[in-house]
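Please find one structure pasted underneath; my questions will follow.
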Amino acid sequence: MRNILVLHGPNLNLLGTREPEVYGRQTIDDINQLLVEQAASYQTKLRFLQSNHEGALIDAIHEAREWADGILINPGAFTHYSYALRDAIVGVGLPVVEVHLSNIHAREAFRHQSVLAAVCVGQISGFGVRSYLLGLQALLGYLES
Amino acid sequence: MRNILVLHGPNLNLLGTREPEVYGRQTIDDINQLLVEQAASYQTKLRFLQSNHEGALIDAIHEAREWADGILINPGAFTHYSYALRDAIVGVGLPVVEVHLSNIHAREAFRHQSVLAAVCVGQISGFGVRSYLLGLQALLGYLES
Amino acid sequence: MRNILVLHGPNLNLLGTREPEVYGRQTIDDINQLLVEQAASYQTKLRFLQSNHEGALIDAIHEAREWADGILINPGAFTHYSYALRDAIVGVGLPVVEVHLSNIHAREAFRHQSVLAAVCVGQISGFGVRSYLLGLQALLGYLES
Amino acid sequence: MRNILVLHGPNLNLLGTREPEVYGRQTIDDINQLLVEQAASYQTKLRFLQSNHEGALIDAIHEAREWADGILINPGAFTHYSYALRDAIVGVGLPVVEVHLSNIHAREAFRHQSVLAAVCVGQISGFGVRSYLLGLQALLGYLES
Amino acid sequence: MRNILVLHGPNLNLLGTREPEVYGRQTIDDINQLLVEQAASYQTKLRFLQSNHEGALIDAIHEAREWADGILINPGAFTHYSYALRDAIVGVGLPVVEVHLSNIHAREAFRHQSVLAAVCVGQISGFGVRSYLLGLQALLGYLES
Amino acid sequence: MRNILVLHGPNLNLLGTREPEVYGRQTIDDINQLLVEQAASYQTKLRFLQSNHEGALIDAIHEAREWADGILINPGAFTHYSYALRDAIVGVGLPVVEVHLSNIHAREAFRHQSVLAAVCVGQISGFGVRSYLLGLQALLGYLES
Amino acid sequence: MRNILVLHGPNLNLLGTREPEVYGRQTIDDINQLLVEQAASYQTKLRFLQSNHEGALIDAIHEAREWADGILINPGAFTHYSYALRDAIVGVGLPVVEVHLSNIHAREAFRHQSVLAAVCVGQISGFGVRSYLLGLQALLGYLES
Amino acid sequence: MRNILVLHGPNLNLLGTREPEVYGRQTIDDINQLLVEQAASYQTKLRFLQSNHEGALIDAIHEAREWADGILINPGAFTHYSYALRDAIVGVGLPVVEVHLSNIHAREAFRHQSVLAAVCVGQISGFGVRSYLLGLQALLGYLES
Amino acid sequence: MRNILVLHGPNLNLLGTREPEVYGRQTIDDINQLLVEQAASYQTKLRFLQSNHEGALIDAIHEAREWADGILINPGAFTHYSYALRDAIVGVGLPVVEVHLSNIHAREAFRHQSVLAAVCVGQISGFGVRSYLLGLQALLGYLES
Amino acid sequence: MRNILVLHGPNLNLLGTREPEVYGRQTIDDINQLLVEQAASYQTKLRFLQSNHEGALIDAIHEAREWADGILINPGAFTHYSYALRDAIVGVGLPVVEVHLSNIHAREAFRHQSVLAAVCVGQISGFGVRSYLLGLQALLGYLES
Amino acid sequence: MRNILVLHGPNLNLLGTREPEVYGRQTIDDINQLLVEQAASYQTKLRFLQSNHEGALIDAIHEAREWADGILINPGAFTHYSYALRDAIVGVGLPVVEVHLSNIHAREAFRHQSVLAAVCVGQISGFGVRSYLLGLQALLGYLES
Amino acid sequence: MRNILVLHGPNLNLLGTREPEVYGRQTIDDINQLLVEQAASYQTKLRFLQSNHEGALIDAIHEAREWADGILINPGAFTHYSYALRDAIVGVGLPVVEVHLSNIHAREAFRHQSVLAAVCVGQISGFGVRSYLLGLQALLGYLES
């Protein structure tokens, strides 16, 4: 039985409620539900947190040391400047997979760089909701090996 | 009847209590009072929030979708690095006017760039407390047209 | 009784005659008329100059020392490279407010920087014709204090 | 029935034959075999090409217009400078998913940038051989939607 | 019958009178004469202006809206910094072709960049007087299509 | 009797619980205890705050105006991007000493720059727990003079 | 009788078969045919090569020493990084004219720079198929003089 | 008998009329008078022009070919961006000496670079009015040798 | 008995046939002959490849794993951008010595950087044909130790 | 009994003799005396050298291998460019602590970087003479552990 | 009676003995002799030092505090990196005039910047031996005022 | 009979006495001895100097004009910033070969650039003591031709 923390960074609570033609109609709850279903088939339990507060995400990462085997994170805009999140990831020593709904490499220049990527296992970006599902698979695969 | 959210970013709670010869003697409450008076003559209601927490400002922007027609923000130092605030502004789709007490283009190099400006309607900087009053006018004018 | 010089930089004579769906149908004469009306209620007299010649704008700034209390300028593309205009502003010592019709921070990268901003009282950009009206108010407010 | 072109860029033919402790013992044929197995369950047929010649990869991308529904590519070192590959991807208009065995964001600085990423559907990096399998899933998912 | 404005930027009035071994012996009048001859065979009328004054060139571009179908310009050194000329070109909406006698890409680093090129139809550089003749052809061809 | 605020930035709560061979076995409580002991011999009282929330650190700095003579801070990763902390330090006008356990100048490039250093009295980095003790001494010495 | 080598770089074989609304319906064979017709009136013979292989283009440039008087090249994406092509041009000492269908100065930033331009006679960009025809004229004119 | 053109760039007409404690009380006429006196002892005649128009300065440089042996120029703010002035200097082939009242290397960063210096005989900066006198000497000395 | 692969990159086949006053009259065959003679005295056998195709050089490096003890390479222009060659060198794990006929540090700026140097044993540049002979010695010396 | 070398870099011999209101009235001898007193309580002997010659400082570092346990250095302006001092520190393998009287991070931009810091144990800056005393403590503490 | 220290930096002892067609035939002794003659007419005494040792120049600047009224320096290559010389100039508080034989702004890019200029009274470059004579005049003029 | 000056820059006197597993056990005397032996077979005499003083190396280069035919130099860390050494090399006009024990292109970024390389005949780096022996050969070969 694996335990995984799923973190959604700032503004991801808006998903599905705005510009559905761009981001789709799926809310963050829908995504979480899809992840739960996928996790079930892997004997994996998930806990979720969405926060617009950098500190709350860091706190959750710290607490994950007590119970989680790995972390799946969509850091939102924190991707580009939160060195504190980076240090949290290094600090707890859990494997982390970074996912993005959109292809960050095809957007504004400031989004091309992730200050977290260098301390994560890997990065998946550009596949919409599927980025999360692929990320969970990737994380579980990593934990297998 | 219009509704406007007025946001004051980090450290603006210190206004008026320190270095009055530089920043003037007006506190944030004084500014809010002036804005309320100006708003009254435009049939406009204002709600205020000052916070030193980026996440709290983002939360407030999200909630503004429910009740506000626009946002007036002095982002303080978040101007220069908070891509999360930027995404919040884009995410809620409300018109936002960015104001600064001092002329940010005449201060240290790091203050010349605003990561928010590109997603705001416009920017007003350098006129002290008047920056807020001009900003409110600008926002209401924008909503008119 | 205040006297203000209003300067329009290069290409602003084209306003209103092209792409009205983008820039609106107001010509530079319409803007000047609006400014005159606003100024009247403040006991303020305005003089206007539009020129595509950097030198003509500098000459006008110099002459303003003889009669003006302040300058309202939309420097157009000179914003981005005319250090000579910058020196003129410093040289005459009059308060100057810089305005832009469009949000220069949301356009091409070369427009993000103003070589004039550091020597102006403040900058207003992004509010269309209202940028001028807000700018005049800001300048008069500055002269008050 | 879907058809997918799988491209392996320069030096990937060395996989499995050197430094197995780093890159694992799986050869490119092993990876292809795993992909074939995964593809089978999706009613998908794969064709493979590994080449150390940029031109050969471009030729293959061009030919894929005739028969393929999408492309899965590990561009190897071409990731970082082959604007010709980029133009080929744009030119044929097929959806492309970019994968990397290692986490390119955690290696030398020159590897952080992909000149291809902006024209691909998305990018997956850091999961070893699983990067390919996740990439194939991602591509098929993209074709579904 | 087409009408074309031919603009020669700063210092081009010196052509032919100095360093004939480098720039050839042809004066700006000779070039204009060659252009007139070429234009004649295309049922095209040309008007010419050489000026060392940025503002005079802008004024001429503005006036061209009244009578011209396109503009052929050798911007001289204004190529590298005159954003005002750039805005003039955008402002009048006429097709503009940029030509240079010398190969600007093979000279000092500051000459490699043209701030005008992005708003012109195209650029021709390096062919001496022929750059003008090719440019006129290119412009007329563009107007054809 | 002096009063000093001791601030520990993000992730410093992990100290001593992970990688003791790198960071030593001392927890943040141990460090605080050592500081209390040192402070006692200087007739100085300390208050402590560790937080992963930028806003909480700013709030504490603001409140320190009411009771503290100076601040000792290990800003953790906020060192590198929190201009809001910088403004808080400037805003309260208390002397601040910045300390780092590791030598930030010998680590990743992004750690070489401190956006806080320019507004602190001084910086001490590289001496492990001793950085704090030296920092307290430095701060008290500064207050002496 | 002149002999000219016409080189088409990577992906130009796709011309006319995709996005005809953007690039027109003319294939590379159509372009070659137009060039042949133009060349005929100048007593000039042309040979053609299109290749996606940098090495093949270099080989062709080398062989051109035996028979050609000049080279007309559209280097495609090699424009931006193929220093080997640059050395080939320098190495054979033949005059080379560089052409581009689109205005490379008005596209993505990486396309603004040509590593070949400094060793070519001149550059023509932005006129679609006409860029080739103008380029051939320019090259023949250069050979005349 | 030598003939020298003395050029004063933009804003230098303000000299002596403002901030005498900084720039001294000498007007541009005073400076010209001092230069005339110095020139007299060298059998040298001077002509003067001050202009805020870049084009007027260029025109004057061109005309100087007819009568002058050299040029003494204080280019003011044009120092930092007028490549057109640079080309004018190269174009007429007269020796030019560049002078500055203030030490441009000790002022704002944008003033450290002169785009003219590379095509002048030499540069003198920092000695107030004496910069002109030294510059005239330097130019006459250069003409001697 | 040692076996060494000698690789000549793009355009080196032109050696000796052009500009003999610059590059000398020695062809690549002459260089190979000199290397064979030198190798003979060290009981070393050489195989040679010159190619203008990056892929062909990579293929040769890969095959060298089967028979060679080291590689001597003059990468020509690939020095400056072929990360694929770099990966090939790392991939096969053979010691490689990089040589250049000319002093690349005294030529155009783009030639100062070698993307290969960091993964080679060492670099020798500037000694003409002797660079090869010294490189072979250096490689054999390295294999000795 | 410990032995420590104390090095004062260029211009530090001027301390106390100029601008006492800025740098204080303490001469370098006063500082040395204070250090001797502090050292005495730690059973530590000090030797001192001040030199304006980079080579003399390097020589002293080399000789310290024979007798010293560590080095305390205020490198003065060598901090910013003396890679030779850096190599000397690495070369002798002694622990080195770098101190600065002023806060180098709050001065001109060129002073923000220390080319030595990465090879020292740590850095202390901004505390005037106390920087030395804290530095000695830090060094002795380091030697303890 | 004034006293001036004249400093010649590294390699200036070679003057006149090499490449007389470039640097002229005047040795450093000749220059000194010319300076002595000029100084005589101003009731000024000069002392001279040429050194290739940065430390020796610094020592001389320090000693000049005892006897000199100002310093004339040609810092040679130290111009571009000797922050220690810069600090020495600031440290002694004497007025310093920087001179260069050649126009440093027209040579290699690294010579364009002087790290000393910002702390000197002014800079004179490009007039050969006359640069020294003009510099002495400039310094004496400065001391007058 | 040839005469060669062999220069060893700063810190090279430490060779062989520290970290023998990295730099080998050979001292600078051993290297000199090897060079003498090699030189003997070429009828060449060597003189040696190691110094940690930039000025001493420059003095030696100057004196070499009197007796030497060329210079072999390992500039140590001066490689990266001593423009004075560069000027010395240019000044004396002797051929210089630059050698490095380690591969400077594979170390820290600041070591990748040599400010001397552009004025040397060539550069050899990465072959340990053999770099010197190869360098001497290269220099003698150069003198032959």
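Note that the chains take the letters A, B, C, D, E, F, G, H, I, J, K and L in the order they are written out, and that residue 1 is the start of every chain.
The rule we apply is simple: a contact is a pair of C-beta atoms (placed from the backbone, for glycine too) under 8 Å apart; a residue touches a chain by one contact, two chains touch by 3 or more.
As the structure is a prediction and not an experimental result, all values here were calculated from the model.
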(request) Determine the set of chains touching chain C that also touch chain I. (result) none
(message) More than half overlap in residue numbers between the two sides of the chain J-chain L interface, or less? Answer same or different.
(response) different
(request) Report the inter-chain centroid distance for chain G and chain J in whole angstrom, where each centroid is the mean of the CA atoms. (result) 63
(request) Quick one: report the Å distance separating chain A from chain G, using the average Cα coordinate of each chain. (result) 48
(request) Could you give the separation in Å between the centres of chain E and chain L, each centre being the mean of its C-alpha atoms? (result) 55
(request) Indicate the residues of chain A shared as contacts by at least two other chains. (result) 53-56, 81
(request) Would you please name all pairs of chains that touch? (result) A-B, A-D, A-F, B-C, B-F, C-E, C-H, D-G, D-I, E-G, E-H, F-J, G-I, H-K, I-L, J-K, J-L, K-L
(request) Would you pull the chain K residues touching chain H in the complex into a rising list? (result) 103, 105-106, 112-114, 117-128, 130-131, 134, 137-138, 141-142, 145
(request) Can you check the complex and tell me which residues of chain D touch chain G? (result) 53-56, 58-59, 62, 81-84, 86-88, 91-93, 115
(request) Using the touch rule from the top, collect the residues of chain H that touch chain C in their complex. (result) 9-11, 13-14, 18-19, 51-56, 76-78, 80-81, 110
